[in-house]
Amino acid sequence: MTINVAVIGASGRMGKEVVKMVLSDPELQLVAAVAPSYAGKDAGELIGSKTIGVTVVATFEEAINNAQADVMVDFTVPHLAYAHAKRSIEAGIRPIMGTTGFTPEQITELDELCQQHQLGGLIAPNFSIGAILMMKFAQEAAKYMPHVEIIEYHGDQKLDAPSGTSIKTAELIAQTRQELRQGNPEEKETIEGARGGYYEGFRIHSVRLPGVFAQQEVIFGGNGQTLKIRHDSYDRAGYMPGVNHAVKKAMSYTGMVYGFEHIMD
Amino acid sequence: MTINVAVIGASGRMGKEVVKMVLSDPELQLVAAVAPSYAGKDAGELIGSKTIGVTVVATFEEAINNAQADVMVDFTVPHLAYAHAKRSIEAGIRPIMGTTGFTPEQITELDELCQQHQLGGLIAPNFSIGAILMMKFAQEAAKYMPHVEIIEYHGDQKLDAPSGTSIKTAELIAQTRQELRQGNPEEKETIEGARGGYYEGFRIHSVRLPGVFAQQEVIFGGNGQTLKIRHDSYDRAGYMPGVNHAVKKAMSYTGMVYGFEHIMD
Amino acid sequence: MTINVAVIGASGRMGKEVVKMVLSDPELQLVAAVAPSYAGKDAGELIGSKTIGVTVVATFEEAINNAQADVMVDFTVPHLAYAHAKRSIEAGIRPIMGTTGFTPEQITELDELCQQHQLGGLIAPNFSIGAILMMKFAQEAAKYMPHVEIIEYHGDQKLDAPSGTSIKTAELIAQTRQELRQGNPEEKETIEGARGGYYEGFRIHSVRLPGVFAQQEVIFGGNGQTLKIRHDSYDRAGYMPGVNHAVKKAMSYTGMVYGFEHIMD
Amino acid sequence: MTINVAVIGASGRMGKEVVKMVLSDPELQLVAAVAPSYAGKDAGELIGSKTIGVTVVATFEEAINNAQADVMVDFTVPHLAYAHAKRSIEAGIRPIMGTTGFTPEQITELDELCQQHQLGGLIAPNFSIGAILMMKFAQEAAKYMPHVEIIEYHGDQKLDAPSGTSIKTAELIAQTRQELRQGNPEEKETIEGARGGYYEGFRIHSVRLPGVFAQQEVIFGGNGQTLKIRHDSYDRAGYMPGVNHAVKKAMSYTGMVYGFEHIMD
């Protein structure tokens, strides 16, 4: 059985990768692509390939109303995410949301809506299997080795520090480990900021260098040993196996899931 | 309540660390130390410290018979391990065995003996919490990212390659992941051995350099990303928190446990 | 002053990157592109960009004869390299050769030819500044820390092991360090090949995993310390600053240089 | 020919290692050891070994006046260093100073004094060959790859951040590379300090974890590649080959050298 997929935000950097991924999997069928600046053109142009017979549309509504989509994949912007997810469920289409910015209340509401319509859905800030395993292992290690620091590496033009993934990892660690304020209480920085950003007793360091895409290392230390969990992501294509898995998986359950880790198995 | 501890093999490299660990924990009391070459001397001499009032004895039997030990810690040699463990249980002392070389039948027998005497015991090839977490995470990651290689690093005088820990890790990975023969089937080594040792479809590499104590990295690759789990062990002292935990834990359960990971929580 | 550049092998993976690099630098002018399968089309099509007004030609001769090139960049195949370089010099065009496969005699002959025509030229197996620095530092470190091993990482479909760069690095190390057969002479492999490929007393390990492009680590060990020099290459674009530098530098010297390291300053 | 060595600060952590090193090298002879708290005892007690026939003395003066030392090794405290070095040269003994805290004027004066007395001497903040190579390579790499960050790792009880070695490395990099303020000018820290300590346009990050002795990584990034130079120091013993080399080398030159790197060859 082929799954019909609509891609929202199809001319964005992630959206293009989603279009490529859908086209390269015979079990998936691209039935709509939304990208205002490409409206009216063939979707093949989005990814510099040959004509594929799907005309790009300008609006989310056109895609939802006209295409016979089973699943829609949405990598747009946080302020549209909730509305898109809701409308999609009401139209009988399973939403795979690659955006953040949902409130807990919105997630609960969307989950109920999914239940009513007997549809699966997913909200996931991260589709990278390796990154999710890193976070999971870091959380577990913190139970046994509570002394920890996080170093994350991104390209030098990134605006915010620390990264979203490092903050998420830090939250998971803080939830698990015993309360602990690490380091020497008399510690002194001779260059301000050298010790990194403080989060619940430990430190996060953000490295920004050209040539780096996205990397993170979580280091646990104690008693003559260190344990390191490191994830290196080299390109956006690395997220696509996760998106592919989510699209297929959403056909088989009911409810709105928050976090890719819950549908990994 | 203080736990009385007997240390067998107390002049060995691990044994000395165990003596130090016992002496530094107020909840533990050293009641016997076995080391033929130090027999008759004060146990403080074993570790270059002040007199502690425990006379080193020459034989295992003396320690077992005369001391009121609750637990004995044994880092001796494989061919004595089974006899020591058995005799210890019969004498009502919980054995913590840091040696390998037990057959499955012997473990079963010792477990039954522990049950009879209502005692806890442990056989553990590795007491390093970090190493055990590394193995556990590697096994789990292999479910999702089946492409893997292991690199282990030890001092340049180590005789065997690959290391016991790397083989144990490889076994755990092979148990979990889908069957897979990695790499290009047409692959060709221009220098024999460059691709490492072959184990169930993947490779193990053994690095031997002076200045290294014991390190291991398990690398998973796929789809524009890599996940690395690395454990660095800098000295024998790093094993002692695990031994300390085992000594205390053995007071609270019944039966012979094989593998430190089963009593970690 | 603008430098006119001809690109040979313009539809290959490296050739396309060279075309992009030339087009993006206002000091360079693309005057010819050779790619039989694109002959007659605009060179912009090679890289999926807009029309740039240069028609792709089918043969090396057309490019050499008709275009007013100052420099030609050739990433084709070893068996054509010598003939291309020679013909280029005779036509008054400086060759930048990104291929291997020249004999020492050929290099000497091409150098003489460059001298006669008062032209600069370059033969370089590697244009990556980071890789060249890694090799240089490894060679120097081997003088002081002779115990060394090399680990190189490439994609899992690579055919040969170890990599060319690792062999080149090994040669440089062997030239510099005191003779030394590392490791325990009684060492025993329980899994054949675990200790890697043997080269002049030390070992090279080749890791092959999907998701990896090209990485290498040279590890020196001794006396309670290790020194690691590691180069990670994430894509072919990483070689272009080196090619760009070579194109410009070739305008300023006379003779055929072998090895990018000699024109780095 | 045997070299007679006096060790000042012989009961300190570094001093003990120096005593061990001297005793284990047949080309060196321990002739004096200064350690007030051990005065009158045999020097073997300093290191928990057998009697060696050298009585520990309480003061620097006793060691200088009575022992026939060729070289003295001084790992004491900065405020005594200058006086010790001066007095040593006047007494005809070559000083190897493992302390910092000399002014440029003092170094010049001591150099002149060494010239007068035809003696060699050394002031070295770091005797680790690996650390010195790391700094040297980092300085050189910065010429070609100016985008850089430094991460240094030490035990969690260290008081100051960043480490002396990282600041020294940063100085060397700043001297060499083109002026550059790295990163996005609009960059924003959501957790203060996440981006590390600012030094001449780049960042230094200090990690503090139990189980770590001293490690540093210098990372260069650019154009799809990274170059990393990493030094891991596992114990104080790792500094001794450098001290041993310095003791012997000081017999062969005249003048006060500042920096171990200048006598490495």
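Every chain is named by a letter (A, B, C and D) in the order it is written, and numbering of its residues begins at 1.
By our rule, a contact is a pair of C-beta atoms (placed from the backbone, for glycine too) under 8 Å apart; a residue touches a chain by one contact, two chains touch by 3 or more.
Just so we're on the same page, UniProt names per chain: A, B, C, D = 4-hydroxy-tetrahydrodipicolinate reductase.
No experiment lies behind these values; they were computed from the predicted model shown.
Taken over every residue number at the interface, the positions common to chain C and chain D amount to over half, indicating a same-residue contact. The chain pair with more C-beta contacts between its two chains, of A-D and A-C, is A-D. One inter-chain figure worth recording: chain C and chain D are separated by 39 Å, centre to centre, where each centre is the mean of the chain's CA atoms.
The distance from the centre of chain A to the centre of chain D, with each centre set as the mean of the Cα atoms, comes to 47 Å.
One finds 37 Å separating the Cα centroids of chain A and chain C. Listed for chain A are residues 211, 220, 222-226, 234, 238, each touching two or more other chains.
Chain contacts here are complete: no pair of chains fails to touch. Of all residues in chain A, those touching chain B in their complex are 128-131, 133-134, 137, 140-141, 144-145, 220, 222-238, 240-241, 264. In the complex of the two chains, the chain B residues touching chain C come out as 147-149, 151, 153, 156-162, 167, 182-184, 186-199, 203-212, 219-226. For chain A in complex with chain C, the residues that touch the partner chain are 48, 211, 213, 234, 238.
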